[in-house]
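The same chain A turns up in both complexes below, where it pairs with chain B and then with chain C.
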Partner chain A sequence: MTLLEGRGLSKRFGGVTALDQVSFSVEEGTIVALIGPNGAGKTTLFNLVAGALKPDAGQILFAGEEITGLTANVTCRRGLARTFQVTRPFATMTCLENVAVAVVNSPRSRANGTWRLSAHECLKAVGLGDLAHIEARHLNVVQKKRLEIARALATRPKLLMLDEVLGGLNTQEIGQAVDFIRSLRDEHHLTVFWIEHVMGAIMQAAEKIIVLDQGRRLMEGSPEEVVKDSRVIQAYLGD
Partner chain B sequence: MFALAGMNGLVIGAIYALAALGVSLVVGIMNVINFAHGELYILAGYFSYLFANAFGMNFALAMTLAVALVFLFGLLIEYTLIRPTYGNDMYSLILTFILSIVLQNAYLLIFGPYPNKPPNWVGGSTLILGSFYYGNQRLAALIAGSAVITLVFLVIKKTWFGRIIRATSQDREMAELNGVNTKRLNMLSFGLGCALAAAAGVILAPIFPVTPTAGVPVALTAFVVVVLGGMGSLWGCVIGGLIIGLVENFGAAYISTAYKQVFSFIILILVLLSRPSGLFGRREA
Partner chain C sequence: MTDRRFFVILFVAVGLLSLLPLGLGVYHLHVMIVSLFYVMMASSWNLLAGYTGQVSFAHAAFAGIGAYTSGILAAKFGLNPWIGVFIGTILAALIGLGMGILCLRMGGIYLSLTTLGFSEILRIVITNEYEITRGTMGLQVPGLVADYSKPAYFYIMLGGAMLTLIVLYKLIYSDIGLNFRAVQNDERAAASLGVDVVRMRVLAFTVSSALAGMAGGLYGHYLLLITPEIPSLDQQFLVLSMTVIGGMGSFLGPIIGAISLEIFSEYIRAYGEYHVLVFGLVALVVARFAPNGLMGLAEHRLRGRRKASRTVSAAAG
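Showing the complex of A and B:
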């Protein structure tokens, strides 16, 4: 079943066409990767879906309902969570409080006292259980990324959108992160929509890859199909 | 005289802190400077005067009702004047400035230029440290002011609403992505900012009677306190308020009452020279 679908999405910034008639679909329960050279429009696509930007044309459907142009807090409550390329924790709040902000705003969780428990659960799920009372600004890069994911989980999403979570990690950490994202998907019944530059990780984890180039959808297919495709190789390496 | 000036400084300092917390809350969440802050402070004073003197209500009930009404008025201001100006801070600045002039003239028309005073809560005086008698009303104001400030701290630090406020003032977009309805939060925090001005107004009105323009120096001082304490710092508001209150009163007692306002600005300049982001301000990243 299709969880997220984009139909003919276009977005222009002044004279620059960032996205041009892009259609795509993300099936429920899968890990779908979004790749493409720099400037291909990947983050713009995320911004459209998550409600940070409004598309100039096209429709976005989530769980069968149209969410085009809805604001971020509404899409969040519908079950759509995203993380950022550059982590943005609430720096002077503790990890627990960071997650609590997301927990209390998620549907059906404002009953008194329960937030502490479920915020703790989210932190444990990403392995930050011991750092609950540390202020977020003291975390290292990997921990901040985990916190970002914990916050996303706390909104009880159906769809988790990850924007380059592996950037800045070493090879060993990347391996762990891929296992982690897979386990998240399995344990929390998530669907993952994932922008990534680290091809090795994508090849291991993704069931489907969507390739963008210069604002257009170049192709879509399994990891094996994508790496063999001459258009993809050309887009990345040039002629 | 030293102790007396000190007590006066604490009382007025607590009120400044309260008014500054209201300014700080609105600036932190919405990046809007409410120039009508002082007029809302006065409005609450007039309400409590009206309810207690003309309608014969109990003073506590009159005060609560006054603060509640100003809170509702704040919500209305946000909805009608501030919300349409989102994205342009200059418009809200001008609109609230106009609002302050309109309100001042409305007060003048309705209540006249005379000082109006709600009834005292308590009478008599208490001997402080065996050295001087101090009005019980002022002591009560100090206690009430401190209680409201403590309440604000508890709400901001300990409740889910406070966490949402802190998160949103740090990173608005991120808060929205975590499900915070920032539009509604804007309205609420603007109302609360006005309510804090109102709380300061009803507490101080029995001591310093309200006149149509009496809010101007209070609002001005509240802005000074916010900058002195550091934008976005709650402790900055409290410490800054107390510093300004004490400096004003010591200055008035030992140098001259005519220069009361000058002292606070001298302190502000001295602090900003050594700490450009205020006493407790975070340096801009």
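Showing the complex of A and C:
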């Protein structure tokens, strides 16, 4: 079943066409990667889907309902969570409080009334359990990315949208991160939509890859198909 | 801070302050009454500026709305002043709500501009509607108690301040307070986690305006003469200075700032009415070099143990 679908999405910033008639779909229970050279429009696509920006044209459907133009807080409540490529922690709040914001606003995690426990669980899941009471401004870049993921998980999403979360990790840590993201899908039945530059990780984890180039959808296919595609190679080398 | 600790500290402080009328003369009691008015004003302004990062220049104007509403109802229509204060509070809340809905969708700077304009319009209206407000002459209003006495007003203002602080505490240390701080830190991130940013700002503005309305209403019936001084921009900048110097975004900061600046201004009053200007300049320097004010400096000294325990309990309570 299709969980997320974009139809003919376009977005311009002044003279720059960041996205041009892009259509795509993300099937429920899969890990779908979104790749492309710098400035291809990947983050812009996330911003449109999550409601941070409104598209100039096109439609977005989530779980069978149209969500085009809904604001970010509404899409979040519908079950769509995203991380920010340039992290946006609540600097003067502790890690636990950062995650608690997501928990208290989630119609799903509120049900059992034990949000503090669940906020802790989310922090522990990303390995920040020991830093729960540290103010977020003291975290390093890698830890801030983890906090982004913890907050997103704490909203109890159906769809998790990750924007370059592996930056700054070594090979071994990347392996662990990939295992973690897979486990989210396998054990918690999350659907993952994932922007990443680290191709090794994508090749291991993704069932499907969507390639953007200069605001257009270049191709879509399995990891094997994508690496063999001459247009993709061209887009990356020509960049 | 845990609930228990807050209420223990509050009740001990109120208990000790209750003894003041026994030892203080009429003049010093007056200074304390005015201080309590500013405690209400600065603390409620802090909810807005310190916890959601929006600057309103109409806080004194809302105090004026409270004061004039209650004053006019009592002086012209013979309404019981207590009911008048209540109505003034509600009216301030409603106007705050309306203004919030109109301009907070567009962002914080619009609130600052709108409230600045609103303050000025209100001043002009009050000054010109002589028939109703007695303009700069001032409107004579009845008191809140049958027999005027400073101790009675001291206890009334103490009660008002206590109520204000309890409301603020309950709000700040709730899920809503958590959302306020998230909005102040980063509204886009807050929205992405499900926070309704506009609603949070409107809520903070409404509550803050209502509390200013109540403070103004009580204060007007203490002064017995309501003048455009109450909703003036002078007054606004005094409240701003008290909050900034005391420590914006900390619960205790505005309380310390209000009491110390009011007492201090009594001392320098002899040198003319420049105190607002002086405080404004001090507030500018503080904002630049010690953005967390006196409380920030104090906390800096006690850093480590104290700070850790404060943030931990904030998360837990």
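Everything below uses one rule, namely that the second predicted complex is superposed on the first by the 232 of 239 C-alpha atoms of A that agree within 3 Å, B and C clash if a C-alpha of one lies under 4 Å from a C-alpha of the other, contacts with A are read in each partner's own complex, and residues count from 1 in each chain.
Simple rule for what comes next: contacts are C-beta pairs under 8 Å (C-beta built on N, C-alpha and C of every residue); 3 or more make two chains touch, one makes a residue touch a chain.
For clarity, every value in this text was computed on a predicted model and none was experimentally measured.
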Superposition on chain A - do chain B and chain C clash or fit: clash
First, second, both or neither for A:Ala91, with chain B first and chain C second: both
Which superposed partner A:Arg151 touches (first chain B, second chain C, both, neither): both
Which of chain B and chain C A:Val142 touches, first, second, both or neither: neither
Chain B versus chain C as contact partner of A:Ala102, first or second or both or neither: both
Which of chain B and chain C A:His133 touches, first, second, both or neither: second
Contacts of A:Leu61 with chain B and chain C, given as first, second, both or neither: neither
Partner chain in contact with A:Val227 - chain B first, chain C second, else both or neither: neither
Chain A positions touched by chain B in one structure and by chain C in the second: 50, 52, 71-73, 76-77, 81-82, 84, 88, 90-93, 97, 100-102, 104-106, 151, 154-155
Contact footprint of chain C on chain A as seen in their complex: 50-52, 71-73, 76-77, 81-82, 84, 88-94, 96-97, 100-102, 104-106, 116, 132-133, 135, 151-152, 154-155
Parts of chain C lying in touch with chain A, wherever the complex brings them together: 175, 178-179, 181-182, 185-186, 188-197, 308, 311-312, 314-316
Contacting residues of chain A [partner chain B, same complex]: 50, 52, 71-73, 76-77, 81-82, 84, 88, 90-93, 97-98, 100-102, 104-106, 110, 115, 151, 154-155
Residues of chain B touching chain A in the complex: 160, 163-164, 166-167, 170-171, 173-182, 282
